[in-house]
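The same chain A turns up in both complexes below, where it pairs with chain B and then with chain C.
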Partner chain A sequence: MTLHKNWKGITLFMLPVGVMYFTFFIYPLGYVFVLSTMSWSGFGPMEFVGLHNFRRLLGMTSFQFGLRNNLIWALSLGFIQVGLAAVVAMILARKPPFWRFLRTVYFLPTVISQVAIAMLWYTIYRENFGLLNTILRNMGLDQLAINWLGTFTTALPAVIAQQLFYIGYFMIIILAGVMSIPKSLYESAEIDGATVLQQEFYITIPMVRDIVVVAMTLAMAFGIRHFEATFLLTGGGPAHRTTTLGILLHRNLHAANYGRGNAIAAVLIVVGALIITVVRRLLSTRSAVEDAKQ
Partner chain B sequence: MARKALVLVIVFALSVPVVGIFAGGAAEEDGIVLQFPSFWVGQDSKAEPMEQLIGEFNAMYEGEIRVQVEPTPDTDGYRQTINTRLAAGDLPDIFIFQPDPTTMRYYEAEGVLMDFADELHGGWGDRFQESQMNAATVDGMVKSIPYEIGVTPIWYNTRLFEEAGIDEFPTTFEEFWEATDALKDAGITPTSQMTGGANAWTSMLWYSHIIGSIGGPDAWDRPLGHPQYEQAAEILLRLYSDGNTTGDAVGGDADVSGSHYLAERTAIFSNGPWYIGRVAGDAPQVHEATQLAPAPAVEGGEHGHQVTFALSNLAAAHTDDPARRKAVVEFMEWMTKPEHVAMITEEAGSLFAIEYEIDPDVDPLLSEFVRVQNEAPFTLTDMERAFPVAVIQEFGGAIEMMVVGGASPAEFVEILKDAAED
Partner chain C sequence: MSSSETVQHARTQTPSEGVGLAKRVVGKIAKWSVLLFFLAITLFPLLWLIMTTFKTNAEFMADPLALPSGIYWQNYADAVRVSGLPRLLLNSVMVSSGSTIIAMFICSMGAFVFAREEFRGKQIILTVILAGVLVPIIALMVPYYRIIRSIGLFDHLFGLTLVYVAINIPISTFLLQGFMKSIPYELEEAGIIDGCGFWQRYARIVLPLSKLGLVTAGTFVFLFSWNEFIYALLLTTSFANRTLQLGIRDFQGQFFTNYTGMYAAIVLSIIPSVIVYVLFHDRIVSGLTSGALKS
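And then the complex of A and B:
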C-alpha cells in the first residue's frame, strides 16, 4: 500500500473532525458498553458485574414490551408513515389544484414541537372530554368511547396512530425525488396508453426507490429511538404496554441505576443498527438508473 | 516610576487601618454573626414571613446576635451546594437541611452537624410532633430540627356527601364501601385515583394511608413480603373496581385526578396543602365544601393517622464555641415557636412539624390541615420515601396490572418485590 501524495494535507484536514468524532461519539459509545457491564449508582466505585444487567433485562416484562414496541414503532414509521408520505408525494407531484398550499399544510407539523403535538392528542384521546369520544358519543356509539390510552389493546395503536399522520418530513424528501423525474417518461407512457396508476407503478416508484429506502431508514431510526410522544401520552403504561427502550433507559437513569440504563442503551444501539441494516439489505437493490444502463 | 510606587505605598498604608476600623466596628456592633443561606427568599411564598421573623430576631438580639441571610433562590442549586459542603465538612452556620438518604448519612459524621439533643430535652422538644421528632432522631442525636412538612389527608366534598345522604366521613372501610355505594346511587363517582405520573401520586397516598391503618407507625419497616402489602392492595383494587373511581384513572396523571375532584365529578381525593390555592382559585364552591379526614380504618386497624413527610429541616454547622452554639439554639427556638410557625402558615400556607393552631378565619381548609395534623395519633411517611425509586416507578404499572391485566393483589406485590431487587 502506498501513501497518497497529499497524505499530510489530508490528515491535517481530517484531524479536527476525527478528534471531535472520537471525543463526542466513539469514546461515549465505548463508555456505554463498558458501563453496561457495571453496577453503579453514580456515586462511589463501579462494580464489574459482567452480563448480569443484560440477563436481568431479559427477564423483565417491561424490557420485553419495550423491545417489542420499539420494533413495532420502527416498522410502523418505516412502512406505514413513509408509505403514506410516498402516496401523498406522488399525488402532489401531479400538481392538483392548491398543491403548493397542501404541500405546506402537510409539512407544517414537522416544525411544531413533538411535545405540543402529543399534548394535542392527549386532549383528543381523553376518556371524559376527549374529542374522539365526544364525536363517538354524539354519533350514538357510546360503547366505543373508551379510555384509549388506558386500555391494553388500544394504547399502543393510539400512540402510534397519532404519529403516523405527520408525514411532512418524508413527503418533502420523496416529493423532491418524484419532481425530478423527467416529464418525457410520463409523456411516452401516456402515448403508449398507460394509465396514471400504471405510470406510478412502472415509472415513479422504480425511479424514487432509493430515495424511499433512505426515507424508510430515517423513519425506522426515528422509530427505534422513539421517546417523547409515548412518555407524554402514557408514560409507557398501561402496565408497560406502550413502553419503549428509551423510556426504560430514562427510568433507570432517573433511579440512578446507571449500569442497567447503559445496558438498555447498548441494546438500543445494537438492535437499531441490526434492523436498519437488515431492512436496507432487503430493500436496496440496484437503482433504476443502474438497471436502465444495462 | 518611583513616584507611582510611593503613591501606592501611601494609599495601602492609609487603607489598612481604615478597613480595620470599619470591620472591627461592624463585628463589635453585631456581636455573633450567623450566616444563613436560604431559598425562602425572593418569589418564595415564605419569603416575607421569614424576613419578618428574622428581622424581629435580629432586632431583639441587637448587638449580640445577627442572622445574615444569604439569598439563594435556586432550590436545586441550594441542595447541591449544601450536599457538596456537607461532603467537604464546610457548612454555613445555619442552613435548610433536606432530609434524604444522602444527607442523613452525615448524622454519623463527627464534627459536621450540630447535635441539638441536649437542648431539645430541656422542654424545647415538647413543641414538636413526636413522629417528626422521631424521624429527625438517629441514635439519640438530633442533628436537624424538624421544620416544614407535607401532610396529605383525605379530602371530601361535604355537599356531594349530603346529596348522597352521608352525614360524615366514614371511619372504617366497612362504612366507606357503604358510602361509596350511596355516592354511586346518587350518580357521583366516589374517588379520584391515578396510575400515571412519576409515582401514581393520589393512589400512592391512598396505599400509604391503608398501610398505616394495617401496620401502624412502623408499617414501612416491614419488608415487601409482609402480608400487609397484599391486604392493602386488595383495598386499592376495590377502589378501582365497581365504578369506585373514574374510567380514566388508569393512565391518568395528577391533572386527571385533581380535575375530577375540582369539577365535582368525584367526591373524595387526597393531596397536600399546596393544592389549596388551586381549589380556591379554580373551584371556590369545592373549596368551600371540602373537609379533611383521616383515611378509614381496616378491620381492627389503626385510625386517625396521617401520611406526612419532612420537606425541610433546619440544621447548623458544628461548633466548639459555647457562645456561638447558644446563639444558634436561640435562633432555632425562635423559628420554631408555635406562634411564629402559625404566622408563616397563615401567610404562606406551609405546614410545620410543630403542634400549633392558626386563625380559622385565614382559610378554613388550611385550618383543617392543622387540625388533622394535630389530631393524628401517629404519622407515617408516604410510600415514595419508604422505598427505592425503582419500586415507586413500578407502582403505577403494578396497579394497572391488577386493574386492567387481571393480576391478583399477591402478584401486585410480587411486581414491587421484583423492582425492589434492583
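And then the complex of A and C:
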C-alpha cells in the first residue's frame, strides 16, 4: 500500500509500547527466574544458591498448602465455575423471558472490585451479625452457625464460594459463542424430533467446545493468580489452610526474602503455564468445529 | 418468529402429548431454578447490604435481617467523614483516567503500526506482546517493587499509573489493532494521495475512525485500574496516595463497631463501577467477546 516504508515512523510509533513492554514484562520475567536462584535481602551482594530456594520451599508446610490451594482454586474455577456459566449461557441463548435483564445482573459483580466483593462476603460470613449465620439461626440450625472463615474445614470452601457463583464473565463469553451457532441447525434438529436436551448435547456443546476451553483457560489462570479475597478474608489462615502462592510471595517480599519470593513466583508462572497447556491439550479440538463456524 | 416456533414445537409433540407436556414442565422448572438461583446469589447479598445501610447499628445488631424502621441517612454522612472517601475517590479517578489516557495513546500508536504496516518480524513481535496476557502479573511483585523504587516513583500515584498502563498493553494493543484492521484502506489511500504523512494518517484518518475501539479498550483499562488492589497495596504507603480499593480494606479498622457506617462506605465505593457498567455495558460485552472468540 505504501510506496516506501517509513522506518522512522514505524520505530517511533513502536517505541513507547516496546520500552514499556520490555521494562514491565521481559525484564521482570528474567529477573524472577534469575533471582529465584539467589539469596538476597535487597542490600549487599547477591549470593548464587542454585536450587536451594526451591528445595527449602518444598519442605515448608505453608508452601505445600499454598500450591495445593492454588490447584484447588484453578480446578474449581475452571471446571465448576465455567461449567455453571456454560449451563446458564445455554439457557439464556434460548431467550427466555427477561433474558437481557438476567444477563446484565449476572455480569454485574464482574465490574465490582474484588475488594468490595470480599468485604461484602465478610459481612455474610462473620460469626456474629453475619447474614449466613443469621439465616441459619432463624431456621433453628444454631449448631451450623459457625465461624466459617476460622474453621479448618470450611475456610477454603468459603473463600472459593464467594467467587465461584459469580459466573457473569464466562457466561458472557460462552453466550456469544452459543448465539453465533446458526439457527438452522436447531430447526432441522427440531424437525427430526430432537428434544431440547438432545439439541444442547449434540449441537451446542460440540459447537462451543473451543470457546468453553478458552473460558476454562482464563478461569484457571485466575485461580492461579488468586490473591485479593484470601488476603482480605483470612490472610491465608487458619494455619495456612487458605494460603495461596500469591499470599506467600507477598509475605516474602515484605520480609525482604527476595530470593525465596522469586522462587515462589517462578513456581507460580511455571505451574500456571503447565496447567493451562495440559487442559488445552486434553480438551481443545481445533478442527471440524472451526470449519463449521465459517 | 417465536410464535411459529411454538406451533412447530406443538406439532412435533403430538404423538406423546402427555409425556411431552410433563417433560416440558420439568424442563421449565429446572431452567428457572437455575436462573433464579444465580439471580438470588448475585442480588440478595447486595440488596441486603444496601438495606442495612439505612438502619441504625442498634437495629442491625438486634436483627440483621429485619427491614429498616425508617431511612437513616446518617450512615452515609459517617461513611464520608470517617473513611476520607473524597480523597480516595480523587486518587482513584486520577490514577484510572491517567492510565486509560496514556494506555490508549501509546497502544493506539503501536496498534496502528501492527494494523497498517508490513515489515519483517511483525507477526513475531505482535505474538510476543499478546503472550503478555498469559503472564500472571502477580508473580512480578518483586521486580515491579524494585523497578518502581529505583526510578523514584514509590508511594507516588504516577508510579501506580505507569504499572497499570504496562499491565494493560497486551490486551489494549490486541483489541485496538483488531479494530483498526477492520477500517477500510481506501480512506487512507485517499489521504496518502493528498500528501498525508505517517503521523497524519494516524492522527487524522485512523484514530478518529477507531473511536469505538478506543472506548472498548479504554473501558477495560479504566475498570482494571479502578478495581486493582495488589499493586496499589504494594507500591503506595501514605494515606495521601491511597486509592479507593486500599481505602475499603481499612474500613474495618476505621469504623470498628460502626457496622452500618462501614457498609455505607462499601456501598458508596461500589457506585462508580456500577455507573461505568451501566454507561459502557455494550462496549464491555463486545470487547470481551471479540477477545475470546479470536484467541
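Note that the second predicted complex is superposed on the first by the 263 of 294 C-alpha atoms of A that agree within 3 Å, B and C clash if a C-alpha of one lies under 4 Å from a C-alpha of the other, contacts with A are read in each partner's own complex, and residues count from 1 in each chain.
By definition in this document, a contact is a pair of C-beta atoms (placed from the backbone, for glycine too) under 8 Å apart; a residue touches a chain by one contact, two chains touch by 3 or more.
Not measured: the values here are computed from a predicted model.
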{"item": "Clash or fit, chain B versus chain C on superposed chain A", "value": "fit"}
{"item": "Partner chain(s) touched by A:A273 [first = chain B, second = chain C, both, neither]", "value": "second"}
{"item": "Which of chain B and chain C A:E127 touches, first, second, both or neither", "value": "first"}
{"item": "First, second, both or neither for A:S113, with chain B first and chain C second", "value": "second"}
{"item": "Chain B versus chain C as contact partner of A:A255, first or second or both or neither", "value": "first"}
{"item": "Comparison of chain B and chain C by chain A residues contacted", "value": "C"}
{"item": "Which of chain B and chain C A:F152 touches, first, second, both or neither", "value": "first"}
{"item": "Chain B versus chain C as contact partner of A:V88, first or second or both or neither", "value": "second"}
{"item": "Minimum C-alpha spacing, chains overlaid - chain B and chain C, in Å", "value": "5"}
{"item": "In the complex with chain C, residue positions of chain A that touch it", "value": "1-2, 5-6, 8-10, 13-14, 16-18, 20-21, 23-25, 27-29, 31-32, 35, 84, 87-88, 91-92, 95-96, 102, 104-109, 111-116, 119-124, 129-131, 134-135, 138, 165-169, 172-173, 176-177, 180, 190-191, 193, 195-197, 211, 214-215, 218, 221, 224-225, 227-228, 232, 246, 249-250, 253, 258, 261-262, 265-266, 268-269, 272-273, 276"}
{"item": "Footprint of chain B on chain A - complex, ascending", "value": "56, 60, 62, 126-128, 146-147, 149-152, 155, 234-240, 251, 254-257, 260"}
{"item": "Footprint of chain A on chain B - complex, ascending", "value": "195-197, 246-253, 256, 265, 388-390, 393, 396-398, 400-401, 404-405, 418, 422"}
{"item": "Partner chain A, residues of chain C touching it in the complex", "value": "2, 8-9, 12, 23, 27, 31-32, 34-35, 38-39, 41-43, 45-46, 48-49, 52, 60-61, 63-65, 105-107, 109-110, 112-113, 116-117, 119, 125, 128-129, 132, 134-147, 163, 165-167, 169-170, 173, 185, 188-189, 192, 197-199, 202, 223, 226-227, 229-230, 234, 244-245, 248-249, 251-252, 259, 263, 266, 269-270, 273-274, 276-277, 281, 284-285, 288-289, 292-293, 295"}
